[in-house]
Each structure stands twice: as C-alpha cells, then as structure tokens.
Amino acid sequence: MNKSITGTALLVLLLALVPLAGSRYLIYLVTEIQIFALFALSFNLLLGYGGLISFGHAAWFSIGAYASAILLTTLGWPFLLAFPAAVAVTALAAALIGYFCVKLTEIYFSMLTLAFGQLVWAIAFKWVSVTGGDTGFIGVAVPEFLDSPVRFFYFSLCVVLLCATVLWVIVRSAYGMTLVATRENRNRAEFIGVNVRRVQLVAFTLAGTFAGVAGALFTVFNHSVFVETAWWSTSAEVMIMSILGGVGSFVGPVIGAAVLIFLDRTVTEYTQYWPSVMGVILLAVLFFMPTGIAGFLNRRRGGTRR
Amino acid sequence: MFDNPVLLFIQLMNGLSLGMNLFIISSGLTLILGVLRVLNFAHGAFFMLGGYVCFTLVGAFDMSPMGFWLAVIGSALALGALAWIIERLMLRHLYHRDHLYQLLFTYALVLLIGDLVKVGWGSSVLSVSFPPGLDGATNLGVAYYPSYRLLLCVIGVLVGLGLWYFVNRTRAGRLVRAARQDREMLESLGINVGRIYLWVFVAGSAIAGMGGALAAPAIALAPGMDAEIVVECFIIAIIGGLGSLGGAFLGSLILGLLNAFGVLLIPEFEIVLIYLMMVLVLLIRPWGLLGKPEAGYR
Amino acid sequence: MSKKTTALLVCAAVTAAMASHPALAEEQEIRIGALYATSGPCLIFGESALKGHQMLVDKVNAEGGIDGRKVVTVHRDSKCNPAEATAAARDMIAKDGVDFLVGGISSSEGQAISEVAKQEGVIYVASIPKTTEMTSPEYFHRHLFRAAANTNTEGKSAAIIVDKLGWDKVCTLLLDYSYGYSLDESFTAHLQKIRPDAQIINQEWPKFGTTDYTAYITKTMGAGCDGVFSNIWGGIFPAFAKQAKPFGFFDQLEFVSAGEVGAPLVSENMGKDMPAGIWTNSYELFYYPDTPEHNAYVKELKDYLGSEHPPSWPSTGYIAAKWVLEGVRAAGDVNADAVIAALEGLTIDTPIGKQTMRASDHQANRGQFWGQMSDSEDESYPYKVLNPVEYVPADDLMD
Amino acid sequence: MSVLTINDLGMNFSGFQALDGISLTLQEGERHAILGPNGAGKTTFFNCLTGQIIPTRGVVSYKGRRITGLSPSRIVRRGIGRSFQRINIYPQMSVFENVQVAMIAHEGMSFRLFRKAEALFREETLQMLELVNLTEDETVTAGLMSYGKQKQLELAIALCSEPELLLLDEPTAGMSPQETLDSIALIADIAEQRQLTLLFTEHDMHVVFTIADRISVLHHGELVASGTPQEIRANDDVRTIYLGGYADDAA
C-alpha cells in the first residue's frame, strides 16, 4: 500500500515543479490534462466502478462550465462563492436527471443519458441571452488571483488533487464496495438488502458533481464556455480516455486523459489526419490492450487488486 | 397559414417524403441494432460513403439514362463489401466482448472513414444531380410535388416491405429473429450464428450505402455530413423501439412530420423538442412505441 | 498508484517539457500563427484560406522578407471547434513564440481566438469571422483587428440590392444561429431606412445542422412575397438549391443570398444545378475586376494552386496576412504596440483594391462583390458567374 | 407461530398462467421442500415471494406483515434470505469481500462514503466464512472457485442478512453426491444453530426426504399436494405426476 502512496507523492511533487520549468506551453498542457483527468475520473466512477455506460457525461461538464461563467460574470458573484455554487448547481442537476436515468438499465440507460446530454446542448445552443448560444459565453470575469497561468495551474492542481483524493476515499469506502457489488451482480446486490437504484443515483450525482468541478475549472482556464463541449462527441472523448487508460484501475483514466490530450496537441502539428491516428490507437487498445494502459502495466507486474 | 389547404398538403408531403428518406437510412441501423445489439455509430459514415461512391459511379457512367440507378446499386454493393471486410477482419472478434467495446469500435470507424473520404474525394462540396427526368415536379391534382421525393417515398415503402417480408416470411428471416432473441440457444442448435451476424451487418451497411446514394441528389456531399445523420438515426431507433423495423418506420415518419409541421407551429424550439421527445419516450416506454419489453423483469 | 504507472507519467511529463522549449526567436523573424481548420466540417474554407496565406508569405520571403526580416508561418488546426482554437492559439503563443495570430472561420472561433489574444497581449487579425459582436465595446480590445467584412456590411449591401430590385413584400430565410440573427438586424434596419414601405412578411429560421429544407421552402413560397433574403452559405447552398428547384422556387421568387454563394468553387460544384438570376456575394472573383493588382494576384494564385480557375477563399488568408506584414513594415518592428499604432488608419493595396484599417474599432473597410448569377461567356469556364457584378464598398455600411 | 403465509398466489405472463392459486403457510423452524418437475413454476414461485416479480394475484405476508409488492431489498431487510439456482455472487471480488459487502449492507453502512471498507466487520466476516468452511479461501477471487465452494459462498452471503426465513433454490443442483451430502449437512446444521425456517426446492429425493419435515408438490403452477414426507410418498396423484409410478423403489 505505501508503495503507491510514495509513488503518488513523487508524482505530485513533480507536477508542482512543472511551472518552474519555465515553459508556458507545458503549463497550459498540464493544466488541461489535470482538468480532463478529473473529468475522466468522475466518468470512471460510473463506468469502472458502477458498470454504468453514460453517453451524456458532457452534460455535467458543460453545466458546471456555464453555471460558473454565469455566476462569475452575469451575476458578478465573488469567485469563492461562485465556484462552489456552480458545482452545487451541477450536483442538483445530476441528481434530478440521474433520478430518471437510473430507472433504466443497460442500453436504455445509455440512450437516456445521450438524450439528456443532447437536450443540455440544445438548450445551451438556443438560450442565446444567457449562454451566448453558438458563439459561446465569451469573456468570463476571472478573479485577479487566478488570472495568470502559473497561479491558475496551482489552483487547478489543488482542486483536482483534492477531488481525486475524495474519489479515492469514496471508491475504497463501504459505499464504494457496495457500488462495485451492484456492478458485479445487480441481482445479488438487491438480495443483500441494497437499494441498487439509490446506490447508482448516488454514484451518478457524485460523478456529475466532479464533472461539474472540471467544467468550472475549464471555464476559468479558457475565460469562456463553448457550446461544442456539450455535444455528444465530448462524452465519447471522455469515454475513450477512460478506456484508453484502463477502466479497471483508479489511475487508468488519468493516464488516458494525459495520453489523449498530449496526442491531441502534438499529432495535429504533424498531420491533418489526426482522426485516423486516434482511430488506429482506439482499435489497437480495443483489440490488443482491452484493459487499457494501466491494466496492461498492472498485468505485466502481476496484477494487483485495483 | 392554416387557411391554405394546399400548403398543408404540401407540408404533409414534405413530412412523409422526409420520413421515408430517413427510414431508408435508419432501417439499416435498426436491423443491426436489433440483431447484433451493436450501437453502430459508423452508420452515418456508411451513409456518407454511399453518397460519395454514388458521386464517383455517376461520373463513371456519365449520366447514361440508367446511370444513376446503377450507381445506387453500385454504392450499396460497395458498402456491403466494405462491411463484409470490416466484420470478418475485426468486428466478429468483439461479439463476445462487452457492448462498450463494439460501440467504441464503430466510433473508431467513424474517424477512419472520415479521413478516407477526405483523401479519396478531397474536401470540397460535391454535388450529384438528379437522375434524368426526375428533376422536375409531378402534378398530384392538388399541387405539383417534386418527382424525386415522390419516388423516395415509393422506394422507402418498398424497402420497408422488403425488410418486413424478409424478416417475417423467409426462413433466413426467422433465423435472424431467433438470433435476436437468444444467441446461445441458436448456437446450441448448431446454427452458425456468426454467419447470420455477418449477413445482417452487411445488409444493414448496404442499405445505409443505398440510402446515401439515394439522398445524394437532394443534399450536398461534404465532410462532416455523417455526424448529423447518426444522431437522427438514434432518435428514430429509440422512438420507434430499439431493433423494431416497424418502429423505425413509425419513428422516421414522426421525425419527418415533426420537421415539416414544426416549422408551422413552433419553429423556435424544434431543436429542443426533438431531444425532449426522445427523453419522454425513454421514460414512458423505454422499449419504444413498437418495441417489445425484453425480459418480463420488474 | 502503482510504481510503473508513476514512472510512465514522469517520462511523459519530461518529454513534454523537452518538446516545449519555445523556438529561439531570432531578432529578424516575423512569426505568424495561422489558425485555419484543416479537419472537421469547415475544413473547406480552412485549407483554401491557408493556401492564400502561404502564397503571400512565400512571395514576401522570396523578395527578401520585410526589411530583411524573414516571415515564418506556424499552422495549427482549429478543427472548426472554438475550444480547440483556444488551445491551439495558446500553444502557438507559448510554444511556437508567434508574434501575430491570423485565421478563425466561424464567429465562435473568432471570439475564442480574440479572447486568447487579449489575455496574451498578441495581435490577432480575424480573416473570416464576420460577427459584429467581436468588435462591439463589450468584447473589443486593442490587439484585435478584423480584415473581413462584417455582418453590417453584408446585411446592408443585401438591403441595397433588395431596394434596387424593388421588392415590397420581403421574406427572409436565415439560419437559426448568431450569423443569422446579426444579418437579420442589419438587413432589416437598413431596409427600413432606405425603403420604408417594404415589409418583411415572413421569416423562416432553418434549424442549425438541418439537411432537409423543403418545409421552409414551401412555407416561404406560400407567403406570397416578391423575393427572399437568405444566408444559406456556400457550403450548404447546393443542398438547398437542389431541394428548392423542383418546387419552382427560383422561378417564383427572386433571391438575394449572403454567405458567399457566388464563390466560383460553389458554381463549379453545382454545375447546371446553380439557379440563374439569383443575387449573391463573394470574397473575391478570379474573373473580376480587371485591374493590374487583381490580375497579378490571380496569375500568382493560378501558378501556386495549378488551377485555371482558382477559388475565392485564398483571398481571405492572403489579405489577413497582408495586413500583418504591412503593419510590421510600417512599424519597422514586430513589437505589438508599435504595430498596433502603425495599423490604425493604415491603408494598404490588396487584390480587391485599397483597404483602410479604421483606428476607432480596428475594422478594415472590407466590401464584398455582389452580382447576379448568369451563364458565363468564357467557353473554358462552363459554370455560372456573377454578371452583372460590382464591388460594394463598406465605408458607410460598416456600422 | 406462522412465519410465512401465502394465499391464492397467481402469476400470469400475458396469457401463460405460471402460478395458479397457491396457498401455503410455514411455521417457524419448519423445513419445507417444494417438489416439482422442471417448468412447474418453482423459480417463478420464489421470484414472486422475494419481490423480483410482482404476482398478478394473491397476497404474501411475512410474520403477519404484507410483503407482496415490496422490492427485494426491502423484503430481505425484513429477514428473508435467498440463494439462486444459477449462482449469484460477485465474481471479480474476493471471497472475503463477497461476504463483507453483505455484512456492510446488513449493518446499514452501504451509503457510508468516507468509511474505509478494508477492515470493516473483519471478525464477523471471518466467522461467517468459518461457518461455511471457506476460511482458507478468503483471498481467492470468488469467480475462480469451484462450483461447490461458490454455492457455499452464496449461502454465506444469504446468511449475512441474518434471515429467519431462508429460501434455497435447488441448493445442491450440479453437485457430486459427496458434495450434496456435505452441503445438506451444512445447511441442516446452520438451520439448527440459527433456528432458521427453510423453504427450498430440490430434485434429489434423498435430500428432500432426509431434511424436509414438510413437502409441497407443484405441477403446472398448481399446488397438487402438501404434507409430511410420508403423506406425500403415499399420495397417488403425486406418484403419477411426479414420481412416474416407480416411487416404491425410490423409498
């Protein structure tokens, strides 16, 4: 156990040194990786631990993003109030919509999350006066203490690490084990007295909340919110990050996010056919590394329990 | 606007013809979804590829009177062949795997086919003109209506009847229905379910290719056209009932009529309305209007 | 967090650091970041505009650069997505050390890049985005310049033509997103001013991303107007026209279209399906005007692209790059403040005539070519052309 | 004191009458076997009792309180445990975790987000494993164990909710004769220790007649006969329907 703690501590220390490397590109790159790593971790709570395939996880990312933009700019709330409020709004939305989604199972659950995700996109697209419509919500009022790449890097790092730790504790908690049980065998879970739907609703709300945090961070990072983030391709992207990284391990999605964002930034410099590169990588993972990068590494080391 | 009966009639025809057009396109998706239980994101890409192949073939047959129709058949065959290769080489190794992997496989196809089109046909907007004699309108007594769209209605109904007849009246069709119900049971009876899956995937893709070719004259072929159509196909599949051909027919009609009459009633919110309808159907009848609930489970 | 996975993350971070060391910017270099989409639905424009940009840069470098300074273009793909455009713009500034940004196609991309330019203090010349929102007091900042015509110019030019055609009952067919809304504003206001008794009796708003326009076509035909003002732009116009033709839409109604449907490439793609008699615009036309600067540009473009009838989109990239280079020439330095001061009020020669950059809101008085689609007399070009055609200047239409 | 009362239970699957008017009462501590050929409706009967399917007719009440219509999780919390014909355990979790998560659920800790699970109810879990002789398999991944051991694990999981009534759906199906003997002895012993009421379906005549103190026979969804093993053995209709007339040599 302590082996992985020292490993994590080393990594966090290294991450903290990134801004000192003096390259703003690296700061922007790692900041974006942090945000999408949190987004992927929140998604994997549902997929890896709960066995629930959501096609609409981008809905929470964009609700968190729009909520923070509106609270910060249109309503002019102070940041330390607006940020948590945006996350709370997302949590509420996730709980409300989750209540309906967990009523369904298997492909119907996925389809309902897709439908709600697209509904969020359509509302964001049409509600021009509030969300800026297809042009997006441009020019978010970012507070002074966050207005430099380095300062925001550290703020984002702290928030992401805090959320990751909370997620880490949750997946190893009594609830976490119960959630895994509902994935392993829904029927048996019901027969040990567990209300499976409520367990899944809690997971859905938690996943939505942490996705909302990532969305709110993305707003401050970009100083704007774009309606494209609510389109289903964003939900597909976060799913690919988790699969690429390995849904079977807690850190899998983080690796998947890092690899995908890094490739996304660099491959396009060399070729306009980056979609094919992504397609080939996806095929390679599907056929040769089904447990993703983390799973592949773990298996090579004797495969410990996640 | 309701006082103008001619306009109402024409809007109805618009809705019906769009519905039939959408049915031709989405029927392939429903067939594959129903039997293989694979959510084929690449269906839109097959549709797009069908349009581009038709463009090339029309050019090759350089508009001999039957040129267009040969191109349509050619596109269907081309997509069927491509589907055959994809299934044999890759997809069939994923059947025993979790649905997620099949789904991501089709998403990888979307990325690859998108670039294939860009390399093969370049990135500019291409246009296939109407087959000779069908670029005008026919007099329906009440009003003139574009002949090509009327023909699409007929073809749509024919495809519907053809599929219905195949699935319900032929021996192969019975096997397909059985494969949909219980794959293990069929395998235990010694029936090569793999071959059924292959031919269903090939047929579904061929229909999508044909749909692309038939739609080509009425739309512009451009990169990215696959993304829009695939969401509409999913909406149709859900409203009608996952895997139910009758459902796809009904879902297509509903979407077509909604598009036609949405313009008259609520143009502002049509885009929101469609997704709201998708949500409501899933909540009230998850298995869709004509679908059957799977297990009698609570 | 197993040992092995942390090792992997460490080496990923290190390789990123090495690859990220900003290229050492020698004094003399002028580094321009060209943000044009080369993938995604709008790549038609991105690829073409980038070629125009590259053509000018190659020519300038061949002539020894600007006062001896070599011009370097760094291209990143914005993928027709504002979030990607934001990330690409940031990387260009942070990693590739660009001094200027050009590009952006849709208004959302334009706004996104403008926001990054504001934060990073880098000059951004918008090549294609037309939304007036970008240069509105709320979003305008001193590092932003716009080479493209804006929706005021386009909407008012269309109103002038509608007035000239003498329509009394007007219909509109505008796509249901910001481009449609801003055109509606400028067109309606100007029409009210120059033709008070003209009435807009029916407005259709086709859904974003729709592929079937028949419902809007027949409703518009049923409204009983003299003509239709539409912004169904060049990329999707072929689908609309082919669906409208069988209904006799273009026989019954006159048609004025914004969105560069007059671009030669659109005519070529549509061939005989392109309806004759419609009025529309284009950024540039290889066959008009017959001026020395324009003929020289067209010849260069023919050689550069190796096509007899070059498209109009390269002119957008060409002119935006020209503004940057002339700005540096006038300022004698790549320093942002110096170039901003030099650009304000600067007049430059472009293939489509003289352009002046307004000091007040950093917009060039970019006009557009408007004309009526008719058959071309030139046998080697069997497609429809704009004839009659004229360049509608923007000076009193921009606001 | 009657533990479980079922009256006029009926289940109609759109036309097919799976269960038709079953009435039965179970006394505390009773060991009641349900006999019946395949397709007689035994599993449907169990599913109706435990809330997986809502019966179209009839009322089931447990310790005097109605449970028809409740969800399985609520029924289990009332004190009814169940094992399944096809084993229902958590394959990728360890044997220890399989039992531990049931303990957590029983103690109402399932929604404790921040309580570390690793050491929770360690003793109770180990005791339960000992009860079903799975102590040395603690760290084994449940899905990899032998069929017999998985059945024992499922029994342990069912016992975690400290049921007073235990429903066992063919507990010895697919077992070798020796395994059957061991598992029967185990079940009888545990039932004895914990004063459990048992309701189980079983094919093995030997098992039924050694352990059950009352037997009911189900045929085409109807309760054909109900009584002590001797009465059932002597009952002619049972003999013809179920035992096919060779009952005398089976005795």
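Order of writing sets the chain letters: A, B, C and D. Residues in each chain are counted from 1.
The criterion applied here is as follows: a residue touches a chain if its C-beta (ideal position, glycine included) is under 8 Å from a C-beta of that chain, and two chains touch if they have at least 3 such contacts.
These figures come from a predicted structure and were not determined experimentally.
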Identifier of the chain whose CA centre is least distant from the whole-structure CA centre: A
Farthest-lying chain, centroid of Cα atoms versus that of chain D: C
Pair exhibiting more inter-chain C-beta contacts, A-C or A-D: A-C
Mean-CA-position distance for chain D and chain B (Å): 49
Interchain centroid distance [CA atoms averaged], chain C/chain D, Å: 73
Rounded Å distance, chain A centre to chain C centre (Cα mean): 35
Centroid distance [mean C-alpha coordinates] between chain D and chain A, Å: 43
In chain A, residues with contacts to at least two other chains: 125, 273, 275
Touching two or more other chains - residue numbers and ranges from chain D: 52
Set of chain B residues in contact with two or more other chains: 118, 227, 268, 271
Complex contact set, residues of chain B against chain A: 37, 39, 90, 93-94, 97, 99-101, 104-105, 107-112, 114-115, 118-119, 227, 231, 234, 238, 242, 268-269, 271-272, 274-276, 278-279, 282-283, 286-287
For the chain C and chain A complex, residues of the former touching the latter: 1-6, 8-10, 12-13, 16-17, 19-22, 38-39, 43, 76-77, 79, 81-83, 86-88, 90-91, 93-95, 106-108, 111-112, 114-115, 119, 131, 133, 138-139, 177-178, 181, 208
Chain B - residues contacting chain C, complex: 1, 4, 6-7, 10-11, 14-15, 17-18, 21, 118, 123-127, 129-130, 135-137, 144, 146-149, 217-220, 222-225, 227-229, 259-264, 267-268, 270-271
Residues of chain D that touch chain A when the two form their complex: 50, 52, 71-73, 76-77, 81-82, 84, 88-94, 97, 100-102, 104-106, 109-118, 120, 154, 157-158, 160-161
Sites on chain A touched by chain C in the complex: 3-5, 7-8, 10-11, 14-15, 18, 21, 23-30, 32, 125, 128, 133-136, 138-139, 222-224, 226-229, 249-251, 254-255, 258-259, 262, 265-266, 268-269, 272-275, 293-294, 297-298, 300-301, 304
